[in-house]
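Next up is a structure, given as structure tokens.
Chain nomenclature is as follows: A, B, C, D, E and F, assigned in order of appearance, with residue numbering initiated at 1 for each chain independently.
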Amino acid sequence: MSRLTHFDDAGAAHMVDVSGKAETDRVAVAEGWVKMSAETLDIIKSGTSKKGDVIGIARLAGIMGAKRTSDLIPLCHPLPIARVAVDLTVDDALPGLRVTATVGTAGRTGVEMEALVAVSTACLTVYDMAKAVQKDMQIGGIRLLSKTGGKSGDWKASPP
Amino acid sequence: MSRLTHFDDAGAAHMVDVSGKAETDRVAVAEGWVKMSAETLDIIKSGTSKKGDVIGIARLAGIMGAKRTSDLIPLCHPLPIARVAVDLTVDDALPGLRVTATVGTAGRTGVEMEALVAVSTACLTVYDMAKAVQKDMQIGGIRLLSKTGGKSGDWKASPP
Amino acid sequence: MSRLTHFDDAGAAHMVDVSGKAETDRVAVAEGWVKMSAETLDIIKSGTSKKGDVIGIARLAGIMGAKRTSDLIPLCHPLPIARVAVDLTVDDALPGLRVTATVGTAGRTGVEMEALVAVSTACLTVYDMAKAVQKDMQIGGIRLLSKTGGKSGDWKASPP
Amino acid sequence: MSRLTHFDDAGAAHMVDVSGKAETDRVAVAEGWVKMSAETLDIIKSGTSKKGDVIGIARLAGIMGAKRTSDLIPLCHPLPIARVAVDLTVDDALPGLRVTATVGTAGRTGVEMEALVAVSTACLTVYDMAKAVQKDMQIGGIRLLSKTGGKSGDWKASPP
Amino acid sequence: MSRLTHFDDAGAAHMVDVSGKAETDRVAVAEGWVKMSAETLDIIKSGTSKKGDVIGIARLAGIMGAKRTSDLIPLCHPLPIARVAVDLTVDDALPGLRVTATVGTAGRTGVEMEALVAVSTACLTVYDMAKAVQKDMQIGGIRLLSKTGGKSGDWKASPP
Amino acid sequence: MSRLTHFDDAGAAHMVDVSGKAETDRVAVAEGWVKMSAETLDIIKSGTSKKGDVIGIARLAGIMGAKRTSDLIPLCHPLPIARVAVDLTVDDALPGLRVTATVGTAGRTGVEMEALVAVSTACLTVYDMAKAVQKDMQIGGIRLLSKTGGKSGDWKASPP
């Protein structure tokens, strides 16, 4: 039966032993969004071109956030991240910004958490930068889209 | 008209000057959730009592995450946090866990971001600890519930 | 004759070159304890089951502390930790808590310091959480129990 | 009756609210030691004058460690440390090094943990720098010597 | 006679006691530059508008760097930074980029080091982002321009 | 034509993918200086022997700074540093201190930034420790001297 691998048989938390795992290329992709009013989105859109680059700053915060994953998530392994890309796109129908993060490593554990932390940090940074104009923005839809590499093999999310 | 205060008149990002603001008591409350299958929730529920305390670890991660806010969010001010509480409750209807964070300070800026970072970090930690049994959990509903104190006064979210 | 390897021939501190060393599996085990009154220990023991999980929190702090080793110890190499386990057991004869930490890596240097930092951080966290009821607790007995792997081979402490 | 203040009534960990406390001058003093062979101590003593300054490096590590306290100890408040001094003295009778740390702040909570973390980090750094010549050194005697300031008043340890 | 205040009478490093100092508004301004070929500068200039915003990223890195000052500089006090602005301007005569940082606090010690760390981090980030096209860029001219507030009063650099 | 590799084709910043690169031995050497009055230099020189070891502390800060590189420089990869040496030498003609840093790794990317951050941090620490006696010191001449290893091959700076 399925079990929570972050606990030993007695229920004590531990950082799982990955020393016996092979160093393979691993990639994880995650997504999320920040929902806001059309008015706030307009300010961000116009700002990007000349009055303040919210999207560029959120992208950078997401990339840097990925590097802090093992500091933030108690049982995550520190690992040499080999690649991070964070994309933010305007979705007028939401309305808001959609965030996707891709993280890669050549290591002994996956980078799912790094991708999810990158997405969360980018979303939180958007909130921080636009909260002076709108406090009731909402962050959601944070989920793993895919992972490749590692012993447990590839995985792909079903369409929402 | 409303504007993004994290940028100066030329559109360059800066950390806003708060040195002229008064040190007042400020409190912010935020919430979010992790949606999962009923089966995963059962494992977490049983785990809490004897096989591994997911909720206790996520709570601690949220508290510690609040302290890392100014490291993660580029234009946030570092400030002496005076109080952090993170609550996780089981919601069988979701099904999943609901997270609420309350952060207080006696400082010159608000702690909205600290409360939101606490919620996000707790949710991400739940994901990390349960991802071995379910990869398609989703994190959402992250929003500010209320803030008190400071020049801009009190604010309360509308019911969802 | 024996010498302090963290200094070059002129006595200047440096971070020793390990680039020529092989990546081998390395494990280190360390221990320590927190001595307290029987009354304090009773509060911690009862707390673990229902009023606040000192042991669970100290365990987590120890695991997370191991990840901060190269931040804290000036000449330690940063390395990809592959495994951390921290055990706390009640010792009524001490009276107090005994802490053991096991850290593993597949790297170019040993993890003795990571194991010792994990033990120290767990002990300090116990002190922090119980200091409201007893200020004159004492932390001691912090020592390396064993190390395996690496060029200098295996080592095991003599019985105390 | 005494209780563990880091937990709420339901037993959940939280960072205690100190926003209502006054900002007063607070000082804490802690001590500890590293026991080693007379031979190792001789190497450190000679090293200090010309072949590598173990004591100077451990002192600096202790000072810097005090600044990381709220990162390491889960429920510690971040606070603006106003003063740190770390003294290491040779004790030929131990034989080994004795460490004392004094930390001060003008804040809303005490700095006991900062003083204890400074002592621990200095001791661990001594171990790291001398472990190439002796692996079975031992760290102990880590305790609070005194604290002044704050609502709970002054406190002084009994002689050992 | 003048002396190095970071050392006590015996020559041991310490973090100077500032608890008796008043909390006053303090501002420090520092500057520096990155010298490069006209060709590299052209790439950065064109990049800013459409192919990658080196200046925006360096500005953000400078702001975030200011927040890490007490982590980096061993005897610096951690303090609640109230304001950071980092300006980068193109100087075709250098040729290269000129960086100015302004940091403010309402605290017990000055923010000269925070301003200098902001400038250095912004310069280093420019180097990092342009090193693929030119490795022999040079960073220089890093100096304090002015400080105001605090017991030692205001200070202004002479023209270069 | 040359391009800035930290941006993708659309101009968005990303952390470049190095997962396909070989793990090779890489070494980078960088230098810089702190210019001061002959009087300040004399204080530092006498201090080193008995009244406070500015050079020893700056060396340590440089070594520890190298380990923080990926925290400070937004698009730098975290990597397992295998070696850091920082040398500070007195130059009476400058007058001031010259700093050289050598960093090595067995990794997938170079350590040029780590060497430059080590030099900068050491220079900034010298400034911090001597600023009580001279505020108009200047930091400059920060540049890469050489790099070896990696796909782009070896590189050596021209004489200044």
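Rule of thumb we're sticking to: a residue touches a chain if its C-beta (ideal position, glycine included) is under 8 Å from a C-beta of that chain, and two chains touch if they have at least 3 such contacts.
Keep in mind the model is a prediction, meaning the values are calculated, not measured.
Counting C-beta pairs in contact, the pair that comes out ahead of the other among C-F and E-F is E-F. When chain centres are defined as mean Cα coordinates, F lies farthest from chain B. Comparing mean CA positions across the assembly, the chain most remote from chain C is E.
Fitting chain B to chain F on Cα positions gives a rotation angle of 180°, stated in steps of 5. Taking each chain's centre as the mean of its C-alpha atoms, chain A lies 16 Å from chain B. One finds 31 Å separating the Cα centroids of chain B and chain E.
Per-chain Cα centroids separate chain A from chain D by 37 Å. Shown for chain B are the residues that touch two or more other chains, namely 12-13, 53, 56-57, 60, 64, 71, 74-75, 78, 80.
Viewed as a contact network, the protein chains fit none of the simple shapes, being neither a path, a ring, a star nor fully connected.
The complete set of chain-chain contacts reads A-B, A-C, A-E, A-F, B-C, B-D, B-E, C-D, C-F, D-E, D-F, E-F. Those residues of chain E whose C-beta lies close enough to touch chain B in the complex are 25, 56, 59-60, 63-64, 66-67, 78, 80-87, 104-106. Against chain D, the residues of chain C that register as touching in their complex are 2-7, 11-13, 32, 39, 43-44, 47, 50-54, 57, 60-61, 64-65, 68, 71-76, 112-113, 116-117, 120-121, 123-125, 127-133, 135-144, 147, 155, 157-158. Residues of chain B touching chain C in their complex: 53, 56-57, 60, 64. Touching chain B in their complex are the following residues of chain D: 8, 12-19, 70-71, 74-75, 77-80, 107-108.
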